[in-house]
Amino acid sequence: MSDVKKVVLAYSGGLDTSVIVKWLQEEYQCEVVTFTADLGQGEEVEPARAKAQALGVNEIYIEDLREEFVRDFVFPMFRANTIYEGEYLLGTSIARPLIAKRLIEIANETGADAIAHGATGKGNDQVRFELGAYALKPGVKVVAPWREWDLTSRETLMQYCEDHDIPVDFSTKKKKSPYSMDANLLHISFEGDQLEDPWVESEEDMWRWSVSPEQAPDTPTYIEIDYDQGNPVAINGEQMSPATILETLNKIGGENGIGRIDIVENRFVGMKARGCYETPGGTIMLRAHRAMESITLDREAMHLKDELMPRYAKVIYNGFWWSEERRMLQALIDASQEFVSGTVRLKLYKGNIEVVGRKSPYSLFDSAVATFEDDAGAYDQKDAAGFIKLNALRMRIAAQKGRTFLDRDDK
Amino acid sequence: MSDVKKVVLAYSGGLDTSVIVKWLQEEYQCEVVTFTADLGQGEEVEPARAKAQALGVNEIYIEDLREEFVRDFVFPMFRANTIYEGEYLLGTSIARPLIAKRLIEIANETGADAIAHGATGKGNDQVRFELGAYALKPGVKVVAPWREWDLTSRETLMQYCEDHDIPVDFSTKKKKSPYSMDANLLHISFEGDQLEDPWVESEEDMWRWSVSPEQAPDTPTYIEIDYDQGNPVAINGEQMSPATILETLNKIGGENGIGRIDIVENRFVGMKARGCYETPGGTIMLRAHRAMESITLDREAMHLKDELMPRYAKVIYNGFWWSEERRMLQALIDASQEFVSGTVRLKLYKGNIEVVGRKSPYSLFDSAVATFEDDAGAYDQKDAAGFIKLNALRMRIAAQKGRTFLDRDDK
Amino acid sequence: MSDVKKVVLAYSGGLDTSVIVKWLQEEYQCEVVTFTADLGQGEEVEPARAKAQALGVNEIYIEDLREEFVRDFVFPMFRANTIYEGEYLLGTSIARPLIAKRLIEIANETGADAIAHGATGKGNDQVRFELGAYALKPGVKVVAPWREWDLTSRETLMQYCEDHDIPVDFSTKKKKSPYSMDANLLHISFEGDQLEDPWVESEEDMWRWSVSPEQAPDTPTYIEIDYDQGNPVAINGEQMSPATILETLNKIGGENGIGRIDIVENRFVGMKARGCYETPGGTIMLRAHRAMESITLDREAMHLKDELMPRYAKVIYNGFWWSEERRMLQALIDASQEFVSGTVRLKLYKGNIEVVGRKSPYSLFDSAVATFEDDAGAYDQKDAAGFIKLNALRMRIAAQKGRTFLDRDDK
Amino acid sequence: MSDVKKVVLAYSGGLDTSVIVKWLQEEYQCEVVTFTADLGQGEEVEPARAKAQALGVNEIYIEDLREEFVRDFVFPMFRANTIYEGEYLLGTSIARPLIAKRLIEIANETGADAIAHGATGKGNDQVRFELGAYALKPGVKVVAPWREWDLTSRETLMQYCEDHDIPVDFSTKKKKSPYSMDANLLHISFEGDQLEDPWVESEEDMWRWSVSPEQAPDTPTYIEIDYDQGNPVAINGEQMSPATILETLNKIGGENGIGRIDIVENRFVGMKARGCYETPGGTIMLRAHRAMESITLDREAMHLKDELMPRYAKVIYNGFWWSEERRMLQALIDASQEFVSGTVRLKLYKGNIEVVGRKSPYSLFDSAVATFEDDAGAYDQKDAAGFIKLNALRMRIAAQKGRTFLDRDDK
């Protein structure tokens, strides 16, 4: 156990992190600074102040980071159409680097030599917090109580509360859920309990942010989203801030049963885990952005982005946001977005998102070339013969030299 | 115009390819062999015989290739979770290499020195047919009438029919549609007409294989699909042949409003084009296969596949199925599928596919390790500290040397 | 043959392009503008003026582009450690986009509607010139005489000269060589003649810019190169302009027998071709830049660059410099070079380049961590155990579930 | 400290691992099995038997693994032209998985529950040994004394020897070198001592396997290497076993001053380290294999291999030989080698390897197509116009729509 003088804790105001405050004070005999952020998780953050004060905390940071979160983390990620393992929109992953950054900035401001968090030793979040912290302040000490203490069962934790006069009622509401949950403006996640059997279907009353497709309205909702250089800037013609865009899409998407997934994913620490996620607004943004790109992006630019996306997703999932490789990939991605501006029209209906229209002043869709009708010379079909002949040349030579696929056992 | 003695034509029995028969006979003064394949397009192929005979064709090939198509082309492609440009399941692309192969095999059997097809000079299909043909028979001559003739309008084509006694009524049914369509067991596609404006929503009565989500049943359908080494082999416990699997999933999917997309895609010849596709069974297979992999595939195996998939999709889309690079990628993909066996349970409802369960005798999901409960020592949380410390080492050193992200203008 | 009013020709002043001037004037009945650039090919460009005038050309452009060539084309490419097919330093490829750009700019200045070049229809250069031209001026017409005319043998060409009073003596010197050659500051290339048999060794007297290793001095030459943000800026402490850096390295390298290769490469048009190249300075720069990066670049930044390099090389080789994909890749590459500054020390000896020292104010080499001696706590070896355990976790779980490599037939 | 009953130790017979034998017996109170392999390191392995017996070891394994090493590890790696970070031929990395495999097989044979090795906690080798061990026997215990004990200085180690009657003289010869060295048939490596300053040139008397270029013969040596399906099988027409091939090339290469490198590399554990390597035979094989591929491999096959090579190298460097991703990549690589057969002719001279000839019954080099002379219609130059037009189409459309590179600030 290292020597810690002052530690900045990522403090939710909930039971677990309240216990951590006390435990840090006792075990490390150090001063604790709390940091509570509103990332759009849907719970008040201000009540964390009184709780922290009751625990003897003097330096209390409570901040609304929603706009920064969406503008500087969510939007850059969506410019890449990012999906992890074909399904997961990285709702939890993308919030961690911002929290890590603020923890370190507050440590620098308050002269703290350590940071602490309430993530367990089995998950990805410990990695994301700590990689960010180390990258931004290499000499920082990290305290991860869940990897150190012996309060590993609900009973021992409760006993600790009783022994240390920590009021347990203040988190009653949240603890009604048997699931381990995490939420921010981009998504809410569910893990644990009956989800630990991947053959068992999730229960309808687990979900929080969306109605089921069955319960969604019987008539579709049409929306238009305006993009500017790869980012959504207006809904149905109304300009909005980044956070408001996402809040609005969450509301519309949730009402239409959009954005639920139920997956088994591969954690960076080496195990598979089942997770359920609700990402209504993000799911809409993913489809809309791709549709916007479909008429404004050069083919090879799109393909290059598509080929690098899984790697970019992995970088973020594994917690390497604050890394050279993320910066480099972002530079490549952002270099493609200059003309990704225009409007996408979507039809939302009971869990479905249909792209029904896209237009742009920078559209590369050229109906004069593409038309089945007379193209007035915009495209000379005879060019295709030469194009094909030379694309085939290497294969023709190989076949002439006796390499034929017809005789080979070609799976 | 090259000297052709005998040409094998990909003959649908429709008006356009019937005109081509006559045109080839006239222009090239050559013998025409017709080849008509049942790939599950949903139309009788046998009537093509009489039509070809009426046009004076002596060598007529009519074949049911549905099982070969699904087993040797569709299934290998789905083992890679293949999607082009994030949306398109390659329904047309994947049928072309099989047709090219049979054209060449028939040319070899009949002593023909050329092949011909009815694809236009603007599309991808000409490329796919011809690259396949050249790769399999390097000296073959290719005749692509649409790139050569002047029958470029409906009027000139009709006049040609009248002048040459080609009965135009036999394709009346199909021509009711204003769209350019292509179908096989995997999908049906629509292009042209009002779709040429990407801002205009497609009309409901364009779609053929699926009801709209609105018109789908109000109660969900649950199905279970069994996989063996990456391929679906049974539905709801009933073993089926590859083609029957796909037919069955098309039916179930279509009834539940599944598998429609409306996209703007980038063609190999360099233009953007709007296409609408119905792929009910394929859309289900894509989700089901990924879910099967999610519990049976090693993490890095999955990520490697995911990173190479866009390239594999491009290889197929561009017509390079019969190439070294496709064979190599297939070898990599197939090397990962040995244990992708088990059962996936899906809930289908009004356009939605929800994965609600997955199980496998080869599952790598280890609840003993992943559990939030006591894991009885299956995983030592303290290992995570060292894991994170060394993953952070390069970044800590860089930060110690003065490279901090906090001071940088980092988008 | 399209209607051309005025054409800008890439004019070397040699026999072939002189014939092209006359041929364009005759066949297209158009005005010809000549453009001759000094890219460091080692021949005077000013004599081209009189020759063009003699051919009746009124608008004559003769320009020294050496600094722009090295600064804006060669250096960006070397920041990526670019090599095509493991061997070729792209000396010809990288000059073409600059020439294409100037051709188009001159066309815009002079009101020309076409450009022309002297590249053959079998090579890569036609592609590089024309892709650049089309990308920069989409409506431009391109005339490639070698693909059009019938002057395909030396005899017919000579006859044409005689018929049109074109003096053939002025290129006597160059024509002594039986090889097709191309040169600029980065390299000189040789193709054709006896090189067309890949089993035959090249002749010593073919080479122009370097002595053979056998003939190089018996004592080594040591040099130091300073880098600033990825670019060489000084040799042995002396600041130099980009072109002077490369000229100087060419001289030093050539004297020491450095930079010859003899390869069979794959052209974009589909064939294999034998080429010999002398790239003395470039070969030194490649090694030096990598050595500079070895102590200043983050590991994952380097690996990401290394994985994308072959694609970047292919983009340039195939002629897509003026493309979105090149811009995007360049953005990624350049984002990594901020700290690639310092000094590399090299030993040059009879064809060998040995890196014998590297230092940098931004070095990430941390001897305190890496040392075999006591590291005073800079690195905790016990962290490695956890690092390895979690990196192995996915494989341990797989093996526990019965997937063992020992029983598998694992090539 | 875990409970160990019997441990298999990778035993070199040197001082360090002899101390480990004793230390394991004392600290773990367990039985020690020694395993000593001849991988071509150039030292007798049989003497290890007496030393192990003297230390009270009952089960002693001494094996000649040279052929297996080259055939099943070195050759598969060279089929991919594998280089780590542009320079390193992975000589140490590729030996570790074989040792790990034998350690585990011996553990299974002898009923041991643990393995041990003498690698330090800072290097890559601990990772490679242990990842292999865990992958092949998931429940195995691993003992890495260097991470556990306090014998971290030469003095404490010597004191331990004295206290435990371990004869220190038997490794006198090796310890004359101040460097940390590792050797096998593929290479010998040097780390530590004065190499820890990357600005200091290595000393000539450090090198063991090669003369310097200066000291190499003044006349070149020509050799011919025959390949069969990607592997070298004969030198100068003489068929040889895999290990004999490599031994022979080491001798020839070493005599000609070939295969030294001096680099700073990035270790998997996160630090940069300086290493010097002699790889005479491997350096020759790398050039020869690529030359063989240059006339026998399809272009896209080669490019696909080239793009995946850095990742394959990283997999091996990081110790993941026994992984799904390595197997998958190997499947892709091997699928390309069927026709990589023929002969390469090389000129070796004072550190230089020049490829001077290559021939193959499967050559794809088609001089009839590539020739600058009359090709008798093998290639129609007019095809190139269409090829270029369609390759340019997407860029022409973009430029027509106003996206011009000329006005953009394009680095």
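We call the chains A, B, C and D, going by the order they appear; numbering starts again at 1 in every chain.
The working rule: contacts are C-beta pairs under 8 Å (C-beta built on N, C-alpha and C of every residue); 3 or more make two chains touch, one makes a residue touch a chain.
Quick caveat, the model's predicted, so the values are computed rather than measured.
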Neighbouring chains common to chain A and chain D, by label: B, C
Rigid-body rotation angle, chain D and chain C, from Cα fit (steps of 5°): 180
Between A-B and A-C, the pair joined by more C-beta contacts: A-B
Centroid distance [mean C-alpha coordinates] between chain B and chain A, Å: 30
Centre distance in Å when chain A and chain C are each reduced to the mean of their C-alpha atoms: 41
Residue numbers of chain A (touch at least two other chains): 266, 269-271, 298-300, 311, 323-324, 327, 331, 334, 363-364, 366, 369, 379, 382-385, 387, 389-395, 397-398, 400
Residue ranges of chain A touching chain C (in the complex, touch as defined): 266, 269-271, 297-298, 300-301, 304-305, 311, 320, 323-325, 327-329, 331-336, 390-394, 397
Interface residues, chain A side, partner chain D - complex: 298-300, 339, 362-364, 366, 369, 379-380, 382-387, 389-391, 393-395, 397-398, 400-403
Touching residues (chain side chain B, partner chain A) in the complex: 76, 81, 85-87, 101, 104-105, 120-122, 126-127, 130-131, 134-139, 142, 144, 146-147, 152-153, 180, 191-193, 196-202, 213-214, 218, 220, 257, 260, 262-266, 269-274, 290-291, 294-295, 299, 302-303, 306-307, 310-311, 314, 322-324, 327, 330-331, 334, 345, 347, 349-352, 354-359, 363-367, 369-372, 374, 379, 381-385, 387-389, 391-392, 395-400, 404-406, 410-411
